[in-house]
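Just so it is clear, A, B, C and D label the chains in written order, and each chain counts residues from 1 on its own.
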Amino acid sequence: MFKYNHLIKVYYRDVDQMGIVYYTRYLEYFEEARTELLNSLGLTISLIEDRGIQLPVIASHCDYKRGAKLEDKLVIEASIAEIPKVKLNINYNIFDKVSNKQLVTGYTKHAFTDKFGNPKRIPKFIFDKINIHFQKK
Amino acid sequence: MFKYNHLIKVYYRDVDQMGIVYYTRYLEYFEEARTELLNSLGLTISLIEDRGIQLPVIASHCDYKRGAKLEDKLVIEASIAEIPKVKLNINYNIFDKVSNKQLVTGYTKHAFTDKFGNPKRIPKFIFDKINIHFQKK
Amino acid sequence: MFKYNHLIKVYYRDVDQMGIVYYTRYLEYFEEARTELLNSLGLTISLIEDRGIQLPVIASHCDYKRGAKLEDKLVIEASIAEIPKVKLNINYNIFDKVSNKQLVTGYTKHAFTDKFGNPKRIPKFIFDKINIHFQKK
Amino acid sequence: MFKYNHLIKVYYRDVDQMGIVYYTRYLEYFEEARTELLNSLGLTISLIEDRGIQLPVIASHCDYKRGAKLEDKLVIEASIAEIPKVKLNINYNIFDKVSNKQLVTGYTKHAFTDKFGNPKRIPKFIFDKINIHFQKK
């Protein structure tokens, strides 16, 4: 498993009139965390797209256990559990940084496509960056 | 089953640099459609909250099949498949209005809580509005 | 002056923990209204971009007088006061549909650019669609 | 003048199909920066609201000079130019962190109100935190 912890803070724009983070905002936090996860592997989205590859989301899932509140600091843990072949699956765990309580879990699944949206197998330059973390040491 | 079709149009704010709707925006469309579904039952969110009840999302799921594009007109079909007891489950189907192609499917699950977030069974005034559509005619 | 009235409804995603619409959401309503204004002139953003023209925002301004609330119905009045030359200036007035009270006023200014962001004068096909509404009848 | 520099990164959710940050997103960056500015003064929004004070935006303005792109790192400089009396005025300057080029400038004006939206003069606990930075040393 390859894991990355990304820290965010909840701002006014994120919070609804129940006083908790609006449900789609957690999926934006997921996006931040997966971007940083890929970054920590030496892969930026800009670089991937410059090489003609896109990573559209094909499924997303969220379980909301506790609502985050204004100015809470959250840890977004993003992880890759297995070496991707035709899909990239990323899991997320959101914790309150102070209380360490779990707030949200979820996942996203991504296809690899060319610029025209045609599905492809995982490109070698992406595979190599991920694979290296799954080899015995 | 009780069903409602809500029509929306894709605006610039919704579209990402792949030229397709950003993945969390479909969940905003879901919210519009479930608000209108409840409205068609004679229930507004404002009224429900005035009576001390909240409907926080406890799970969301989306399968993305085709990406909607700028200025596409979409039909968001929201439906309730069964009479809710402790959770309100709503299913969604997003179609392109012109081609009738299916773009996204998904669901949300909602708890009934008081203002402090304590879970409750479905309040009678909500149950009655939904139940009437599941009786034999 | 050329004017268009666009109707929207306030959803949960728009409202912050003060119970009023978050301040950037009105600018999204502006975008909806100007898209429909252009549409009413026979111009879609998709068509304009297909012809190699972009309309990036170069200035935005909002004065917030009263906050809109959940499930309020709002009229977004968008208008063009004068025939554009190098910039397209659009003014907005947001009213509550029921009370008719003014909530927000503002404007956006747009450049005409090619795909590379180089500024251009107003393209003839856009000028013609707007100009026709400013001729004496 | 009291100034705070806040660093952000541009994510996919922020970027539109022109490949630049969507125009309302800069106002969300403004909000992040002013929250951190206040925080650097020892004031959190949560604390201010707990004391019964709200800071609704009454005006916002943005001049867009250059568009930020995906994964750009931006410095959001927020500053208070003068001691507030009945309004809090905050100015913003957005720079690209690498090139140091100016992308966006703007301001927001905020009222001080009670929970019911009634305007008030600046509360003493806020005044004191700001005033201290405007005294001769």
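Operating definition for what follows: contacts are C-beta pairs under 8 Å (C-beta built on N, C-alpha and C of every residue); 3 or more make two chains touch, one makes a residue touch a chain.
The shown structure was predicted, so the numbers you read here are calculated from the model rather than taken from an experiment.
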Equivalent interface positions on chain A and chain B, same or different at half: same
Most distant chain from chain A, judged by the mean position of its C-alpha atoms: C
Separation of mean Cα positions, chain D and chain B [Å, integer]: 34
CA centroid of chain A to CA centroid of chain B, Å: 24
Cα-centroid distance, chain A relative to chain D, in whole angstrom: 28
Residue numbers of chain D (touch at least two other chains): 12-13, 17, 24, 28, 49, 70
Chain C residues touching chain A - in the complex, by the definition given at the top: 12-13, 15-19, 22, 24, 70
Chain C partner contacts - residues on chain B that touch it in the complex: 11-13, 28, 31-32, 35, 44-46, 49, 69-71
Chain C to chain D touching residues, read off their complex: 17-18, 20, 23-25, 27-28, 31, 49, 54, 56-65, 67, 108, 117
